[in-house]
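Chain IDs A, B, C, D, E and F follow the sequence of writing; residue 1 opens each chain.
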């Protein structure tokens, strides 16, 4: 029986949802069933804390409506918006793409860098790294480098090169679900592993489903509190 | 000109709002103008991450509607729900009662303990302590000790006594806005400073207003991102 | 094409190798091909640093002889003996069961405890937790509790219960590959997720193979150094 | 009743004492009574550990002679010289300007930089940041940048600009009591909050007085030890 | 040529000075020349921060008067009073007995405990452990256990036993220069290494002299600042 | 009675063994007896984890064969290869040159830098710094700077200069036993203490012998486990 996994894109962009889905489905192949949905009533791009908060009601609704029909849930934004909330409200596995990709990165080299879309979110991502206790393993967070005439891949490669050469990163993590599909091109160019968060989350989520293990309901993520 | 401070109680309990207000107003005296409001459409008691998320829309609305009329804002729940969001959306000072009281506690003794309402929220509070980088200064988080026939103050005192004697805490922090008014009784009983979060937040918030300093709008809490 | 994974048991016990294999094979099912081998010329039980060192030559030989024939390698001892060496000498993924299970545990709850076979190895395991930067996420390392007439499962359950109740652990990690097969019984008894290291490593290893990602060969684990 | 606060300038410079006082008095306004005194028999500028030690006897004398007449005490040197001593010997609140300003800075943005007078004291200030457990929140310590023809404000602004742009600081802290009065000019120039330590300390100290809370006399700062 | 080492006992007790000296001289034997002096004008027992500060002028005088005549200096109080000051004012090696013994302890086992004279100083000693960045290596600070009829050695042994059995300490550090001569008796009783600070400091100090290495005069401990 | 110390060079280079020995013997003088041996069957230069592992059997044999004849053992490679193993298998003191030199460096200035032979080993050395809990004290790890026509000393000096000026290092540590004899030349050139690991280890090892203290055999390094 294949794990059925719902990928929740916390933004409302159909285009980004499509890109995420194609990438996820290609990885899933015959091993898992993957459905990807945008979150209605949210911003088309998640960057600010307000975007996070605005996405919560839609994400909760999506999770609750689909709880019975799926085995695990992935939050497909590299800010891991509302991840504690999602882990709390269901007894099924929930995986954030930042958490999965950054923790997996620590298994593959001495230190990792996150490539962020824009400088504005660099401290927010560092705060997320701190939340997961990964500061020691982080080489840097580098925003994509804007160059005249460069396409997105080239901008990420330019940032990744500095991370590898100047910050001594040995592994790179794509800091946005919207970078779907650029990992292998970057890897080829830069000679270090480049991790896509959604794929890392699919590995963890499908594994947990197969193993029959989920979020602990003891204390922190107990969802029966005040309801018993 | 007195600082005008809006205390946002993220839950919907009129009773707790009243208790918080009486305590805040007594401290404010003639030095500040304080208004305390519950958040409509939220849970009567904030404990879970879902309670936090559900409170966000109401809290945003309250902050936006009152932005012009007040000089600073206090989030009066010791989980500091949606604190990054609140700091982001306004150019005026926003102070969380957990952040204010725990950071102030570090100035008064070697280590502090937080007295939590129930065991369920202990790890959540520890995660908050981590978020603020205060783990080294924390002696423990201790839930109120339920004893037959004991009133709330006695339960907190029993927990505080263990924190001071067994965990070596030198300062105590009340881990719930609803404990308003119990600080001085505990202090007298236990012989160590006991901090109420709302009062600590009033000190910081009114001070920032007087000083004319607010949340940095450079990067992490920039609220113009994607809007310029 | 199924991932072919070699599980290297760093000790020489055929019996433990068999137990590990049965457990791994049951999890692998049709999704991966799993082969489990003991390491010739090593101790029947790995506990000391000398046991680690004595296992290195055999582990290197096993990895080199099987490098072409397998897609990934798992080190099946919860001390992760020689893990940096293994990551260095091959371009294929290598996963230690302690690293995989402890990092996966951090995704499932506030804090985890490791259940160790004996008190002697508690500091060694804490040193390993430090190596992976996981001290903040660790509730405790608890040795199995020896009780008259108790079988192994009961001893682990007794230790796990203390970890959950006294140390506030929300997730448990089996601290020995030889505990294979006891996870689900403990989980049922204790009501928190209990992770077997080999299964966690299979999840990570098979995922990396599928994803086409491996250990970074930039600097720390570069295996061409001094050979070019 | 207004809090009466004694600002102890640990150096002997009448000029710097005057500058500190004017700044403090302007902030205090009608809300507090502020007296500022130099410390007799000390160096005119506090930089070295010897300057700290030489200031201790005079600071103790000032504190003891004025203990009855004031409600709280501020140590107005950004090295927080003898701060543990001062907290120990009195039952009234004592606030160091480095501790107050750096802890307040952590409430206003992702990370702060301290602007130091000279490079010589940079490691000393980093050691102080470590003492307060704030390394994670610190972007950098930057010495004023000496430029031909630049006045003090311009030198601090030049240093602050690098802190904000290169070190990603979101808040700046003036690393010397002698920089009194330059905060608002820097803030205007650089667009981030700039904190003066004396004013931050006044906020905390007057707040503690109003709240009726002081240094814990349990263990670390117990001043009855060996005297009972 | 034998290293000539001055042991500065920061208190004024002739008796404790004698005990420290006998112990030091027995260790020094023919390899070093050791002189031990009390500090005039100080408290007979150093416990509080005030005791530290009061000792500074005398310690500075002793160091300056003897700078030419000795090769290295040891501060013989386990609070390392005024250690930064001492390191700053001379170009010759200065070693604190807490720093030397605790750092040496980390080379001998997984974690160490400090046995403190009284509970009052436990947080002060923890703050010192933090100052040296050794919290990870510290199992606990345990005060001597007062038992009816027990002599000092028995009280230390009782505390040490709990540190070893309950806190998992593998090495013990005597937390007071006045415990001189009790190390070997404790070691025999408890079966773990027990370190006397003065002896550890003699090892480091005489080694530095022989090696011709001293405190760095670059920045933090530069003693020419403001004097050139 | 002079301490008899065996210096184990984990590589097989007779030339490097000779250089280490000459340097050690010059320091030892009449105070200790020093014998230096290469490790048969190992790589001529230790850089990779494989080099570490390959050296283990020879190092164990050397230690066991010489256990009775020597009082202490030094591992003379700045990667501290197999140091836990060595500490475990003997009841006599074992000192790693990286551990000794880096911990001694922390006593001499605010922060230290390690000068590494090549960039490849920089992350490995950072991992070692982490293992010893010294990250806070480390300014940087800098590889020797390759310049046309520069000899080894000049390359190390160039790297050291950047460490002191750009990374704010106040003490330097030679990151390779093969740099024997360059410390004093660098010190003269750069004006900061420069530590040779073997000499630092001789200081610690001979001191422990004289003191009669050794590795704790309680738990982590217990060598009787499974043998009683």
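The criterion applied here is as follows: a contact is a pair of C-beta atoms (placed from the backbone, for glycine too) under 8 Å apart; a residue touches a chain by one contact, two chains touch by 3 or more.
Remember, it's a predicted structure, so these values are computed and weren't measured experimentally.
Both subunit B and subunit D are touched by A, E.
Taken together, subunit A and subunit D share the touching chains B, F. Shared residue numbers account for under half of those found at the interface formed by subunit D and subunit F, and the copies are therefore classed as meeting with different residues. Which listed pair repeats B-D comes down to matching contact pairs by residue number; over half match for E-F among C-E, E-F or A-D. Chain pairs A-C and C-F differ in how many C-beta pairs they share in contact, with the greater number at A-C.
Centroids built from CA atoms put subunit E at 51 Å from subunit A.
Between the Cα centres of subunit A and subunit F there is a gap of 42 Å. Subunit D and subunit E, compared by their mean Cα positions, are separated by 31 Å. With touch defined as above, residues shared between interfaces to two or more other chains in subunit B number as follows: 110, 122-124, 127, 130, 133, 136, 168, 170, 219-221. Of all possible chain pairs, those that touch are A-B, A-C, A-D, A-F, B-C, B-D, B-E, C-E, C-F, D-E, D-F, E-F.
Note for the complex: subunit C touches subunit E at residues 122-124, 126-127, 130, 135. On the side of subunit A, the complex with subunit B involves touching residues 45, 47-50, 52-53, 56-57, 60, 82, 84-85, 87-89, 119-120, 122-124, 127, 130-131, 133, 219-223, 225-226.
Those residues of subunit D that touch subunit B in the complex are listed here as 27, 31, 95, 99-100, 103-104, 106-110, 132-134, 136-137, 164, 168, 170-171, 184, 187, 191-193, 195, 199-200, 202-204, 206-208, 210-221. By the touch criterion given at the top, residues 110-111, 136, 168, 170 of subunit D touch subunit A in their complex.
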